[in-house]
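Down below is the structure, laid out as structure tokens.
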Amino acid sequence: MKKARLEAFSDGVLAIIITIMVLEIKVPHGTHFSDLKELIPIFLSYALSFLYIGIYWNNHHHMISTVRKVTGNILWANLHLLFWLSLVPFATGWVGENHFSAAPLALYGVILLMAGIAYVILQSLIIKNEGKDCVLKKAIGKDVKGKISPFLYLAAIALSWVNTVCAGLIYLIAALIWLIPDRRIERILHEETATSNE
Amino acid sequence: MKKARLEAFSDGVLAIIITIMVLEIKVPHGTHFSDLKELIPIFLSYALSFLYIGIYWNNHHHMISTVRKVTGNILWANLHLLFWLSLVPFATGWVGENHFSAAPLALYGVILLMAGIAYVILQSLIIKNEGKDCVLKKAIGKDVKGKISPFLYLAAIALSWVNTVCAGLIYLIAALIWLIPDRRIERILHEETATSNE
Amino acid sequence: MKKARLEAFSDGVLAIIITIMVLEIKVPHGTHFSDLKELIPIFLSYALSFLYIGIYWNNHHHMISTVRKVTGNILWANLHLLFWLSLVPFATGWVGENHFSAAPLALYGVILLMAGIAYVILQSLIIKNEGKDCVLKKAIGKDVKGKISPFLYLAAIALSWVNTVCAGLIYLIAALIWLIPDRRIERILHEETATSNE
Amino acid sequence: MKKARLEAFSDGVLAIIITIMVLEIKVPHGTHFSDLKELIPIFLSYALSFLYIGIYWNNHHHMISTVRKVTGNILWANLHLLFWLSLVPFATGWVGENHFSAAPLALYGVILLMAGIAYVILQSLIIKNEGKDCVLKKAIGKDVKGKISPFLYLAAIALSWVNTVCAGLIYLIAALIWLIPDRRIERILHEETATSNE
């Protein structure tokens, strides 16, 4: 019951975040395809952020599905995560409108870093609540992706003032590594579900 | 469980897409009915896009109802579809503000085409997952509408530079063919549901 | 199943409609309470429309709860209703920004009238589908409120050019009559639920 | 059934309110971190309001979970609460854009006060409906937080014209007291759930 509303509210907020970013792509005044040229960086930053929010939704979905009891601190840790993600549209707009210049790119990384930290806090609280033998603990395993991500963000933040293309590419790579399917994780989640249904 | 959240998130995103388009209809400064005249193309493009998102919601609803197991690639194929649909408000705004001129109309078609392709990818993945004898495979049959649509979009894109009225009408027709009820499909879905409930 | 998604999507669209209207109340540049004075008509039109969307959500909620089978035409009639309601924020903004002048007030009525007609169409389709002895048919009874409303809207539309205060008051009265609880209806719905649970 | 839709609609509205506030943080034109300086008050007011809406969602979630029967007046009392909360983004924007000056800060308090009153009305209606021995009645106990809050808002409203920093701090404190977990409440809710599941 409680979990259903936690999911519904998170789904609502994530759906709105992913969609209002499109409002940053302002309709150009001209009527030629060439008038869209200036929108390319805005479109690219939109696509990147869409990917990030999509990944967060996907991981959030998997993580919450393993929760059996929702406590007060899980609710607040979840809101804390949503707070940082809600700033993604702002950072995306600043990056896009300024053609991926240094400070906006660095801010983008700071917000991704804070959201990443908020995600780890939520994950730790759930594991603490559910016990060390819980499905989530097994599913994340050594959590390689989770541990690499913050270093990639930090690298990109530092690189923003050196080479913006490099920084942008690192954000892209940091997103793409999450797309590689973790067959092992899906198997563990699948097995556990099968066991609990027996 | 997993399916419920996939539906909830998709419903949220589609509900927001269909509603934020109305923000493009800016309140006119005058206070006479004649001040609404300049809004007619914006209103028409809004109504057309509302119809398209409505059709997508409707078809998505039917398609997902046949899914029994949600896998990682279905989640991503679904997000890919939502990505292209999230660009519909932008294209709609560009079409409306420029009184259905060539390039905006063509871009509108390109986005519909990409969304159509994303829909077919999602559909194929579901059929592949569920097996060749699945309900969805039977329900879509030869998928005449799905096969005609891309050609209509391509025709409209090409015609945008020749005759914008024609191009607009083709978009309208390409939407209206989806409104013709497929009694055969509803029957198959109904029979299958009846069978599975026995 | 099908019904759950119909409700979820409608809830999403109505929640967005009711909330984006607040974006019309633009933050004033001054920092005194007197700077809010110019916002009073915008606030009043917002409150009126909030009431209307609230009433629609409430009635929609009761109506759909009686539906046992969702068909294709119910889905489309529902989208048709949401289409007209999605134009309420636009009409609200026009009314508010122009201090309740004639044409905006009349347009407001036209949109309420169209939404009212869309609601009646949806209601008739549901009764036709569920059969003449269905709960909804009994619950609406002679549907006095439903029959009076369009005449009130028409009266207000006509009066917009004569006396805008009167027109505005009629819209308020047309909303308030829906707030008077229909104890008879709640009883019928309650009895029917009790019977069907036996 | 009825309750599910009440929760879904409230979740939708609260999710939108919490997210559209971010649209007030307009992307700056400059590309330096120093260009973000002017956004600090807007960011602070956003964070404060995010906290408030989060608290309301959290409390609303707990309160509605104790409801067994949704009546007409609960639906309307809930909409009344959502109405005042829907004005939070406006007040937040006014506070932020004017660097926490007197009148905006006072208006912020007025809206919090109205939302607080609406919450108490909803709470009283639920207790009246469910009976004096209901879970909610036991859970809120003497409702110390609920009784202190309005006085804090009134104090902050009055202080707005004297010392804006003090007023802002009181709003922050009035929010933070809700974050202190009520272990006693969670225990009662937990025990009651356990009992009712037996």
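Which chain is which? They are A, B, C and D, in the order written, and residues in each are numbered from 1.
Keep in mind that, in the parts below, a contact is a pair of C-beta atoms (placed from the backbone, for glycine too) under 8 Å apart; a residue touches a chain by one contact, two chains touch by 3 or more.
Note that the coordinates shown come from a computational prediction; the quantities given were computed from them, not determined experimentally.
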Farthest chain relative to subunit B (centres taken as mean CA coordinates): D
Proportion of interface numbers common to subunit B and subunit C (over half same, under half different): different
Cα-centroid distance, subunit B relative to subunit D, in whole angstrom: 37
Approximate Å spacing (C-alpha centroids) for the pair subunit C, subunit D: 26
Interface hub residues of subunit C, defined as touching at least two other chains: 8, 12, 15-16, 20, 23
Subunit B-facing residues of subunit A, complex: 7-8, 11-12, 14-16, 18-20, 22-23, 25, 27-28, 31-33, 35-36, 47, 50, 54, 57-58, 61, 65, 179, 181, 186
Subunit D - residues contacting subunit C, complex: 1-2, 5, 8-9, 12-13, 15-17, 20, 23-24, 71-73, 75-76, 79, 82-83, 86-87, 89-90, 93-94, 97-98, 101-104, 106-107
